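Should a chain be cited, it is by its letter among A, B, C and D, assigned in written order, with residues numbered from 1 in that chain.
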Amino acid sequence: MARELAAKRRNENEIEFGRIVAFSDGVFAIAITLLVLNLGIDKHLTEGQIDDALWGQRDLFFAYAISFAVIGRFWLVHHRFFSEVRAFDGRLIALNLVYLGSIVLIPFSSELLGEYGGTTTAVVFYSVNLAVVVLLGLLLHVDARRRGLTRIDDRTHRETQIRSTYIAGIFLLSVPVAYFAPDVAPYLWLVLFIDPSSRLAGRGSAGDDESGRVARSGTGD
Amino acid sequence: MARELAAKRRNENEIEFGRIVAFSDGVFAIAITLLVLNLGIDKHLTEGQIDDALWGQRDLFFAYAISFAVIGRFWLVHHRFFSEVRAFDGRLIALNLVYLGSIVLIPFSSELLGEYGGTTTAVVFYSVNLAVVVLLGLLLHVDARRRGLTRIDDRTHRETQIRSTYIAGIFLLSVPVAYFAPDVAPYLWLVLFIDPSSRLAGRGSAGDDESGRVARSGTGD
Amino acid sequence: MARELAAKRRNENEIEFGRIVAFSDGVFAIAITLLVLNLGIDKHLTEGQIDDALWGQRDLFFAYAISFAVIGRFWLVHHRFFSEVRAFDGRLIALNLVYLGSIVLIPFSSELLGEYGGTTTAVVFYSVNLAVVVLLGLLLHVDARRRGLTRIDDRTHRETQIRSTYIAGIFLLSVPVAYFAPDVAPYLWLVLFIDPSSRLAGRGSAGDDESGRVARSGTGD
Amino acid sequence: MARELAAKRRNENEIEFGRIVAFSDGVFAIAITLLVLNLGIDKHLTEGQIDDALWGQRDLFFAYAISFAVIGRFWLVHHRFFSEVRAFDGRLIALNLVYLGSIVLIPFSSELLGEYGGTTTAVVFYSVNLAVVVLLGLLLHVDARRRGLTRIDDRTHRETQIRSTYIAGIFLLSVPVAYFAPDVAPYLWLVLFIDPSSRLAGRGSAGDDESGRVARSGTGD
């Protein structure tokens, strides 16, 4: 049916579009807050045992902090992506739901990582979960752009592609590493703090993104 | 009292209407996110036990995926329905609450299905829960239309009726099947991927929905 | 400080006002959805035990249904109240928070009622919780009206006062009853289906609410 | 990149700004509602044990009430701060996320305080959690103002600085006290009811906030 296949323009369906965004934000907000449920304290401990119980949870606190940052970061990227969406259809909504399904798994992966941080299974599970989120996010991005639903410019598009591939690559690389050295694998994630996507995208765009370069040199970049 | 019985027009009460929709979206978002709480990992496992523990939860992961898709799909339908609502009254709000009450049960039904997937009880409980959601959704739809609160056209209305009856029928059919072959019953749900409602509704509307047909042929349908 | 004491007009601070309402809606939506967490199924049951386990939870299902209806109803009343609010200040927001604090307790009271429905303690706890919600709601209503923050008319105001006193009275009456016959006390709540407030308010308003009466007779009331 | 570094004006990006606020409100609403999950009742108790079980949870009810008030209060302050924000950028959003990360920890700190209220560990953990929230809130405030993202006036700014330092100071002061007298330390928090910030800020502003003084005297302050 044409009615269902045609994309709706955002500015003509602001309320309906707002619901998709609000629903997504709700899922993000709940997923990030549920992380606290991974923390907890046993009942009926003696005073001396409390400190040990908390100290025994240090990996869970660490996993809480990482996963809070990770979900917060994904929310930001999602936020930025949807601010560029001009039109939407059933397929965008469906892909977004699948994407959210991988976000909602993070509190579980995080619990696993917090409880069994030094094990191959936990590291692999967490890495694959995050890689899937990144790749589904990229799919959402590429698919929406290809079908003309966003107004993302070439340079930002290239940046997103490079960055997503880079992040997913690091996580997937930590999978084989985790089989040999599960304790070491999480340190690989530190490489994520070096983000080469903006420079790489800039170099690639030298030929076809003149205005962008001017804008950048104008701010001393 | 006339004041309470009269329906309020949506465009004159956009904020009040927005609250109903936002509340519903909130309930959907929380219900879909709570699904992750059905997953979990025991504490104090040895490294060798972790893989077994995760593997032992494969049905729970499967139930998570199904129920995420199911709640997401119900949200979409609810979303589309409310985008056509023109006016609302206490009765629409009350029916919507009852509908949401059946949505919120899904995480529990899903836990049951995930833990005891091969049993008659779990399959029956899950099937009846989903059938009730679909039938309450249909009631909401039909009641709102009959009282002039929506602007849903004839064709979409017929489609919704056929689709809802079809889906509820499949779920209710899986109840007797589950008594004889609980392992097989869930496969019956695969029939849901074949959705005949649009074709059936189209055939039925041949006589009285001329403009719709023109619009469709205009887009090469 | 005058700045803080002065109420802000709603139509000049729509976004700020919207946040209060959205926050309240969020709390209602989460509280109503958390009710499902009171349901749950033990692990490692044999097939024969599952039915017994579910049947043993029948009071919890009953408590789920009652509490869903109760929170839904409170949300509706809250919804209607805030649709009449014209201005807000720190005091209204603070009272609203205290009110929400009593709403958020309902999932716990409901768990207690579901687990120990036939006991004095559970019935008293649940009754007092709901009575407190109703009385705080009345306080919110009366205080906002006395300070000119709402545009609620006389008749609706009287109705709210009568209805709130009536509902809180029934719940408080069930407290002494629960000490002698905890099994019987919940049946007292059935009296709540008879709502005399609209008739009583109508009778009381005969002298000073002429326009209201005309409007009612005009619609055949 | 200039695009990313430049702050976006709120009134030109109302929807994007609205998402940040809605996400924050969602996190606050969920965190405050999750507090109820710290309450709970064991199964299979005899009637005589129920009262004891509830009475044994009196500290948890107390912690629930305190933490509900605390999160509610933080929400109010956050609410007021964002109502003054004129522009936003990635840094404001990132700081806001870190701030929310400390809010989401409160249900856990509250559980610890409710279970082990009389112990040094619980009091220290709770105090440090709240002090961190207040200091991160101050950082958010000061940083946004320094970079011209808010329109907060001098007097309100000074008040916020004094109040935040005062509150964080009380909580940090209760840390050493908790090492010697953990039972006494929470009483120190009662000092928080005396809020000297408004008077101190007023005195300090005598010289440079003439217009503010006039406005105040004009309203009979």
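Here is the rule we use: contacts are C-beta pairs under 8 Å (C-beta built on N, C-alpha and C of every residue); 3 or more make two chains touch, one makes a residue touch a chain.
Please read these numbers as outputs of a predicted model, since none were measured by experiment.
Listed here as common contacts of subunit A and subunit B: no chain.
Two copies of one sequence, subunit C and subunit D, touch each other mainly through non-matching residues, since under half of the numbers at the interface are common to both. For the pair subunit B and subunit D, the distance between C-alpha centroids works out to 39 Å. A separation of 27 Å divides the Cα centre of subunit A from that of subunit D. Residue positions of subunit D with contacts to 2 or more other chains are 22, 26, 30, 34, 37.
Of all residues in subunit B, those touching subunit C in their complex are 1-3, 5, 13, 15-16, 19-20, 22-23, 26-27, 30-31, 34, 37, 90, 93-94, 97, 100-101, 104-105, 107-108, 111-112, 115-116, 119-122, 125. Interface of subunit B with subunit A (complex): residues 18, 21-22, 25-26, 28-30, 32-37, 39-41, 43, 45, 47, 50-51, 54, 64-65, 68-69, 72, 75-76, 79, 82-83, 198, 215-216, 218-219, 221.
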